[in-house]
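Next, two complexes with chain A in common: one pairs it with chain B, the other with chain C.
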Partner chain A sequence: MSASASRLKAVLGIVVLIAVPWIIRDRYFLHLLITAGIFVILTSSWNLLAGFAGLLNLGHAAFYGAGAYASALLAIRLGLTPWIGLICGGLVAGVFGFLLGIPSLRLSGPYLAITTIGFAEILRMVAMNWVSLTRGSLGLYGIPPLTAIRLGPGMRIDFYSERNVYYILLLLLFATIFCFRRLTRSEFGLTLKAMREDEIAAESIGADSNRYKLTVFTISAFFAGVAGAFFAHYQRLVSPETIGLGETFTILTMTVLGGLGTLTGPILGAVLLTFLSEGLRFLEDMVKIDVRMVIYGLLLIVTMLFMRNGVMGLLTRVTDSVLSRKKG
Partner chain B sequence: MRTEGLTRRFGGLCALDNVDLSLSEGEIVGLIGPNGAGKTTLINLLSGALAPSQGKIVYQGKDITRLKLHDVNLLGIARTFQIVRVFKKLTVMENVITGLVDRRRHGPWDLVIRSLKHSSAAEDKEVREGAQSLLDFVGIGKYRDELAENLPYAYTKRLEIARALATGPRLLLLDEPSSGLNPRELDDQIDIIRKINGNGTTVFIIEHVMKVIMGISHRLIVLHYGKKIAEGDAKDVYEDPQVVEAYLGEERNAGS
Partner chain C sequence: MESLLLQQILNGTVVGSVYSLVAIGLTMIFGVMKISNFAQGDYSMAGAYVAVLVFAFLPGWLGWIGSLLAAAALIGLLGVFTEKFVFRPLLDRSTDIDIIMVSIGLFILLENLALLFFHATPRMIPDPFGGATIRLGFASTSVMRLVCLIFSFAAIALLELFLNRTKTGVAIRATSENRHAALLMGIDVNRIYGITFGMGTAMAGIGGVFYGTLFAVYPMMGVMPTLKAFIVTILGGMGNLRGAIFGGLILGVAETLGGTYISMEYKNAVGFVIIILVLLIRPSGLFGRRESL
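Up next, the complex of A and B:
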């Protein structure tokens, strides 16, 4: 596809995204879009670790939770404005990312995966049991929403309505995707992929794999933390469940379904599964068990068996064969 | 580069025993020896992939004995591997670009910040031209957009050399660059090694194929059970009774 055609498509996509709240005025639909958007940041940041750098982190929800708790506590206890809280949540998560990066210097594959689960469980236990700070399993409630922006006397934008939250999230998403796009295409991203393919070979051309791992863990955690902070001020309730393995499993399923190691895959997967799991609600009400996780598991198996590169891989294959048929 | 009393033990096995050697600027030195003589271990030690049990490695007056693989590379020593280690899911050109990144000046955080400021350096015209000329140098320029895993074996060996050259080495360590090549590919490989040396790079090369090593080495070193048993030009080494017994003798007997 030519550069101008893909630019046109991008502009069209942005226009549609901006117009959506005016076309579909259903608040619940907007809520789903916001949820999907938050998941896009989570899947994209997880993908940077697992897809590009080949570091299987099964404690990603811990970064998300760290960001959510940090920003919420700063707002409740110190009255810090959530706008700065978003950054602080990211930074706190980034510190945790750096810390979790340290064992990754010595461990890889399944050993690293197990360690990251342990790490997330520790954080969850802290959130559960440090009741004086976190209110334990009750969770933090009464978190303030994003502070209203005053444009002038009598003119202000507040963030109680889904629509305004949606627009802020859209900005955040553009920024995030821009960063990941630049990162993955850069010499940094190329080095990550090289390390994923063969760490010793990457070192033989001068890449200090330890420093790269710490860097990518920190960056990935930062973005997950920002997503967590955003979630906290939107939902206005954070509980230890946020840090659970179930949350990481959802992120993993979305990313793998969409296409691991691609830029658009995690976005696609997050949106698809958010809406799918809503569609499954009625089923859940009927059978009264958590079907969602069962379906996720099945989706994972099917993806692994029949489309290793996810929906993105499938799409590329289909367009390739159509194109070659046209040529032939 | 020079080593003093270089020794490496694996458990009770002494893979390399008290080896002294020196390489001078601009030479091609060949390292031969029967299987299990410790040749690859020596290259692993020189490149920093392994740490020696005893002994010292000095490069350009600097003690590099304890440096790691990546630090050794940044000092200007690049290597290839006996069993090819290319980045399979990267394109041929991307493989070389990973080597072209100026890692002496830019650490990972630096690269992150640069990538946010400018659009992709990997798509930079100058970088791509640099990579292209290296690929042309080893004769696989037209495969630049193929995934490395799709290259025929002989070309992956060349790609590995191009990637090593991309890091701008003064000394290149080649671990069996011609193993598994057919006679024609062998001649090409010899030409490439000669050209590299012609550009002023010192080459240290492990080789089984006698034709290659005899033809291009200025000097040979022979290892046997981890010990250096001979050193000198091809003719001297070939006639050295110890070498004949340890290594060439077996082949002569087998051949007759």
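Up next, the complex of A and C:
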């Protein structure tokens, strides 16, 4: 595909995304889009670690939760505007990412997996038991939404409606994906991949693997933290469940289903599973059985066994075979 | 004061022996096949539900013995089945991350299948001794807990006997030492993999019956045995059976003491703090790396 054609496609996609709230005016549908968007930031940032760097972090929900709690607490206790809270949430999560990166320098595989789970579980227990700060299992409620923007006398954009929130999220998404695209195509991204394939070989040609690992952990955590802060001001309720293992496993399933180690895969997976699970909810109402998570588990196993590169890999294979048939 | 300490150490030992039992299955599977099975605790959960079903037909201590045998057999079979269809296709061509991810898929699947069939209401495995207690010097404990302790160690001893005294056991150890050499000696490695995974999950199944007796049976109960088994296994060195026994006892006692003297709320954090410290100082575990049985 030529560069201009792919640019045209991108512009078309952006126009569609901007137009959606005016075409489909259903508030619930917009809510789903926002949920999917938050998951896109989470899966993309998780993919940076697991897909590109080969670091299996099973504590991603901790970064998300740290960002959510940080921004929510700053807004409730200190009256800080959520706009700055988004950045602060990211920064707090980034610090946690850096700290968790330190043990990860020497660990891999199951050792890293269990250390990151441990980190998230400890954070969840703190959120659960430091009742005077976090209200324990009740969670933080009454979190203010994003502050309204005043354009002039009588003209203001407030963020009680899904539509305006959606546009802010869209901006955030573009920024995130732009950053990740630049990052993974730069020398930094290439070095990460080289380290994933063979760490010793990468070090022997001068890659400082410790610095790279710490950096990628911090960046990944920062974006997850921003997503968490955004979620807190949108949902306006944060509970310790946000940090639970289930949340990380959902992120993992989405990313693997979409295609680990690609840029588009995690986006595709997050959107697909968010809408699939809604579709299944209607099915559940009919058959009165909770099948959603059973299907998540099956999807994860089937993807790992039969389509290792996820839906993205499948799509590429299909388009490739169509193209070659046209030629031949 | 002194008797409280002894009492807590005894309680910790009981819980720790069950941790060892589940962890020994995990470490055995890792030692032979290099599989980090994050679904291990869900085989325990399944074992606990087998016990609940057996008790519906056979009450009393007969039911208890029956459910141990049934859990070992059925969960072992479930293990053989999942090894053949889920793990084996991945073994030759994947990284340890892939294996972990597929086992997480299994974890989500088993947990939610249980939720589908048994619903979220917790169930109890009845105490066949009617809550009778026994005094041992300074400390006292229920007969039930003592039986759990004895049976856990009996199961571990049987496993050790099997691995050291039978032909199949020796073949399992040979495979874990060197897979290719074992193949050359005429050992059917695939069969050994099936047996190993089945025995490892059978241990988890028996451990699940004890877990269910000491705590409660519910679909989400598998997370705890999985996490504890990993903590124990890392403490003892992955693939090290003796290490798993000591690791389990250390974790059990450390948790009960932490829960009593530091904070009940953070009892489950004790294990994580210990392994993060251990991994920072000695990345191969307290008892050194020994990745074969």
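The rule is simple: the second predicted complex is superposed on the first by the 320 of 328 C-alpha atoms of A that agree within 3 Å, B and C clash if a C-alpha of one lies under 4 Å from a C-alpha of the other, contacts with A are read in each partner's own complex, and residues count from 1 in each chain.
We adopt the following convention: a contact is a pair of C-beta atoms (placed from the backbone, for glycine too) under 8 Å apart; a residue touches a chain by one contact, two chains touch by 3 or more.
All of these numbers come straight from a predicted model, not from anything done at the bench.
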Contacts of A:Arg106 with chain B and chain C, given as first, second, both or neither: second
Per-residue contact with chain A, leading partner among chain C and chain B: C
Partner chain(s) touched by A:Thr115 [first = chain B, second = chain C, both, neither]: second
Touching partner for A:Leu298 - first (chain B), second (chain C), both, neither: second
Touched partner set for A:Asp290, first chain B, second chain C, both or neither: second
Partner chain(s) touched by A:Leu56 [first = chain B, second = chain C, both, neither]: second
Chain A partner contacts - residues on chain B that touch it in the complex: 47, 49, 68-71, 73-74, 78-79, 81, 85-90, 94-95, 97-99, 101, 103-104, 106-109, 111-112, 114-116, 119-123, 163-164, 166-167
Chain A-touching residues of chain C, taken from the complex the two chains share: 30, 36, 38, 86, 89-90, 95-98, 100-102, 104-113, 115-116, 223, 227, 230-231, 234, 238, 265-266, 268-269, 271-273, 275-276, 279-280, 283
Chain B partner contacts - residues on chain A that touch it in the complex: 179, 182-183, 185-191, 193-194, 197-198, 200-209, 211-212, 215-216, 219
Touching residues (chain side chain A, partner chain C) in the complex: 50, 54, 56, 103, 106-111, 113-115, 117-119, 121-122, 125, 128-129, 245, 249, 252-253, 256, 289-291, 293-294, 296-301, 304-305, 308
